[in-house]
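Got a structure here, written out as structure tokens. Questions coming.
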Amino acid sequence: MENWQTKKTYIKKFSEEDCAVYTQNLSVFYGGTIQKLFDVSLGFKKNTITALIGASGSGKSTFLRSLNRMNDQVARVDGKIMFHDLDVNQKKINVYELRKAIGMVFQKPNPFPKSIRENIVYALKANGQQDKQKLDQIVEESLRAAALWDEVKDKLDKSALALSGGQQQRLCIARAIALKPEILLLDEPASALDPVSTAKLEDTLKQLRKKYTMVMVTHNMQQASRISEYTAFFHLGHALEYDTTTNIFTNPQGEITERYIQGSFG
Amino acid sequence: MNSKRNDRIATGVIYLLVGIVILLLVGIIGNILVSGVPHLSWHFLTSASSSFEAGGGIRDQLFNSLYLLLLTLIISMPIALGAAIYLAEYAADNWLTQLIRTTIEILSSLPSIVVGLFGYLLFVVQFGLGFSIIAGALALTFFNLPTLTSNIEEAIKGVPQTQREAGWALGLSNWKTIRGIVLPAALPGIITGVILSAGRVFGEAAALIYTAGQSGSTVDYSNWNMFSATSFLNIMRPAETLAVHIWKVNTEGIIPDVNVVSAGTSALLVIVVIIFNLGARALGNWLYKRLTAAKIK
Amino acid sequence: MAKKEQDLQEVVEQAIAQQKVPHVKFKGINPRNIDIARLTKPSKETRQERWGKGLTALAIVLIGLLIVAIIGFVGMHGLATFFTDKVNIFQFLFSTDWNPGAGPKHVGAAAMIVTSFAVTLLAAMIATPFAIAVALFMTEYESGKRANLLQSVMELLVGIPSVVYGFLGLTVIVPAVRTIFGGTGFGILTATLILFVMVLPTITSLTVDAFKAVPKELRKSSAALGATRWQTIFHVVLRAARARIMTAIIFGMARAFGEALAVQMAIGNAVLMPYNLVSPAATLTSQLTSQMGNTVMGTLPNNALWSLALLLLIMSLVFNFLVHLIGKKS
């Protein structure tokens, strides 16, 4: 085992204006003392897809979930998360508003056991949006944006659980988009899907790239290389390397990065 | 070879003991039903009980049991639901939660006679309510709360964490997520839990003999004014339930047909418990299927 | 045909173009402009959260108050015997002279304490082997439909009201005991047999849980060493589940100790030191049940009964404590 703590890191920096969100020395502790993330400082460029790669337990998911404060209940998060010049990792921050601005899609599709329409409008209604026409419009727009409209437009009032796994996942994306966030966090969004569904999902994400900043955790190297512009490599809680996806995959600077990528590409 | 023989002996002993238990089970349930069901006539269910003659029915006791059950559920549901939500969703993993859980365990293991006597002390004596339905319903609530709370908590915990995360990620408050997403998904389990606890409440007597009392008053089933003394809905009147009735006729033994009345009432109680038991599961399963109907691919 | 269709379409298109059919302009969905100021202000959600947490915590507080009130009230009245009526606590615990109407020198609960423990221990002793056998049958011998059926029937047994058990005891066990042993048929034996049936499902289902918690690998490795099924059960399963079986038995005992009506109907209710198993006796619960209505609030006989209730409460706490102790040890 090499001593990764002394390894040099290769982190690409963007100017602050270019970033939709960036972190400064983000550390995460579970159960008070167990540190899962060590001083990670990464910035994510606007309107790009950034892939977070690394082995299981490397901290990439922990990092992702910290960005919209989903770790609040289970862990202590130290450091800064800068969003529109505001450190959103503070106690006084309204996490509900934050999560409406930074949406999230999870590993396993998790639609509510309600109708397709209700899945999308539920949060909007909770926000006080009651205008039926407006809601209908958002339903259509967000489903179109998630490339699901044509498949479900005739069964909007059917249960969302009747959809296939891939459709459910795109519904979850539509549900997140309906709140008009700036950033989408994707936690291994395709890991529970078959290849055809995955391809469709990737197409959808490529479409969305024009408007949204996306950060995506993935185990799948090919997927990272297919759709992301930038890639960050995590190892045992450290961000070791961050560069354009092309550079990471063709010319990794770090030894561990290189071994991981070669091993994974097999 | 010795070990082979031991194995055979042990197997034999286990099967023998299990056989005895099965005989016991069949014997008990069979005895109750066989000796009681023949007495369950329409007349028995719909006529008033008699205090010293043979041939009395159990109309008032049946109504009182149902009425007390209803009131108990109305009072205990919101408290148990609140407590269960707190324990399942909000409680942090610390000493305070541990203390709360221990408290609920203690409450659930208290002998029901102690709960009943506490109800007697507080409501019947201290608050001067006298033997009354409301005192009985409150005592039954105390008796029911811990079971109901843990049943509901189980149901809530059965909802996948991914559903909660979905709600939080949309900027919903934890409370809105619980109310709008977790509770509807937990509904089948909650209903099963409520009905199962209702079965226990329905047959409970020890908590009632010193709270709701051991005798009924004359009630008028056409008087719908809750505040009239003779109304069947009056919650201040004393009321004897089916279970208390069995106990009373057997310990006082004034009526000549004690065994007939007790056997019939016992059979009725057991049948109701069986219906509650089976019904709880069936209804829970049915609701669950309806809720996730589309999942069958 | 094809030509005709083409013509038709052209005509329609022209018509639409001329009429300028108003069509919905589809803008597509976009990120909104985030209002950063809102991120630092409380919102509707913040209020909802406070409400929800407060409301549910209130329910917890109510339950907490309830348990405090129960212990407080029963404790207050139960201790009055010793503080107001000056009954000696050792006399209460060890004297068998129970006649509180005759004054504070005659408040001895030993007969009832002994009887309560006797029926509890005997019932647990009889029930345990049966419970273990049934639990083994359901986990080690059968696991399919038959085990499930047995389990459902056992669960049904838990649901049968205790007065029904008491009535069964009166009509079945009392005459049987009377025929076999003579006497009245009421007594510790009758009460024990009823309690045995009542605690059997409790102990069984907890023991089943205990066996199910034993890892499958342990059984497999034992079998791989050539052990017979019984050797595996005896040396591996029973040993691994020991603590939880103890817990199961204690839960059963707690239920037996606190059971009131079924016991009261079958034990004969005579406050005497039991000298055999078939003479009438009285437990703490049976005495409480039958006498509470016959005493006047605040008098010594009444306070003495509350002392019995306090003793029941304390025993219930002790059983709880034992369960925790065993849970912590293992």
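Per-chain residue numbering starts at 1, and chain names A, B and C are given in the order in which the chains are listed.
Heads up, the rule we're going with is that a contact is a pair of C-beta atoms (placed from the backbone, for glycine too) under 8 Å apart; a residue touches a chain by one contact, two chains touch by 3 or more.
On a predicted model such as this, the values are computed, not experimentally measured, just so you know.
Peer 1: Would you kindly say which chain has the C-alpha centre located farthest from the C-alpha centre of chain C?
Peer 2: A
Peer 1: Counting C-beta pairs in contact, which chain pair has more, A-C or B-C?
Peer 2: Ranking A-C and B-C by C-beta contacts puts B-C first.
Peer 1: Could you state the distance in Å from the CA-based centre of chain A to that of chain C?
Peer 2: The separation of the two C-alpha centroids amounts to 46 Å.
Peer 1: Would you mind pulling out the distance in Å between where the CA atoms of chain B average out and where those of chain C do?
Peer 2: 12
Peer 1: Could you list which residues of chain B touch at least two other chains?
Peer 2: Where chain B meets two or more other chains at a single residue, that happens at 171-173, 176.
Peer 1: Using the touch rule from the top of the page, what residues of chain C touch 2 or more other chains?
Peer 2: 44-46
Peer 1: At least two partner chains per residue is the criterion; list those residues in chain A.
Peer 2: 96-98
Peer 1: Given the complex with chain B, which residues does chain C contribute to the contact?
Peer 2: 44-46, 48-49, 51-53, 55-60, 62-64, 66-67, 69-70, 73-74, 77, 129-130, 133-134, 136-137, 141, 150, 153-157, 159-164, 166-168, 170-172, 197, 200, 227-231, 233-234, 251, 254, 257-261, 264-265, 285, 288-290, 292-293, 297, 306, 309, 312-313, 316-317, 319-320, 324
Peer 1: In their shared complex, at which residues does chain A touch chain C?
Peer 2: 83-86, 88, 92-94, 96-98, 101, 128, 138, 141-142, 144-145, 177-178, 180-182, 211-212
Peer 1: Please output the residues of chain B touching chain C within their complex, sorted ascending.
Peer 2: 3-4, 6-7, 9-11, 13-15, 17-18, 20-22, 24-25, 28-29, 31-32, 35, 78-83, 85-87, 89-90, 100, 102-107, 109-115, 117-118, 120-122, 125, 142, 145-146, 149, 171-176, 178-179, 199-200, 202-206, 209-210, 214, 243-244, 246-247, 250-251, 259, 262-263, 266, 269-270, 273-274, 276-277
Peer 1: Per the contact definition, I'd like the list of chain A residues that touch chain B in the complex.
Peer 2: 68, 70, 96-100, 103-106, 108, 110-113, 122-123, 126-127, 158-162, 172, 175-176, 179
Peer 1: Touching chain A in the complex: which residues of chain C?
Peer 2: 26-32, 34, 36, 38-46
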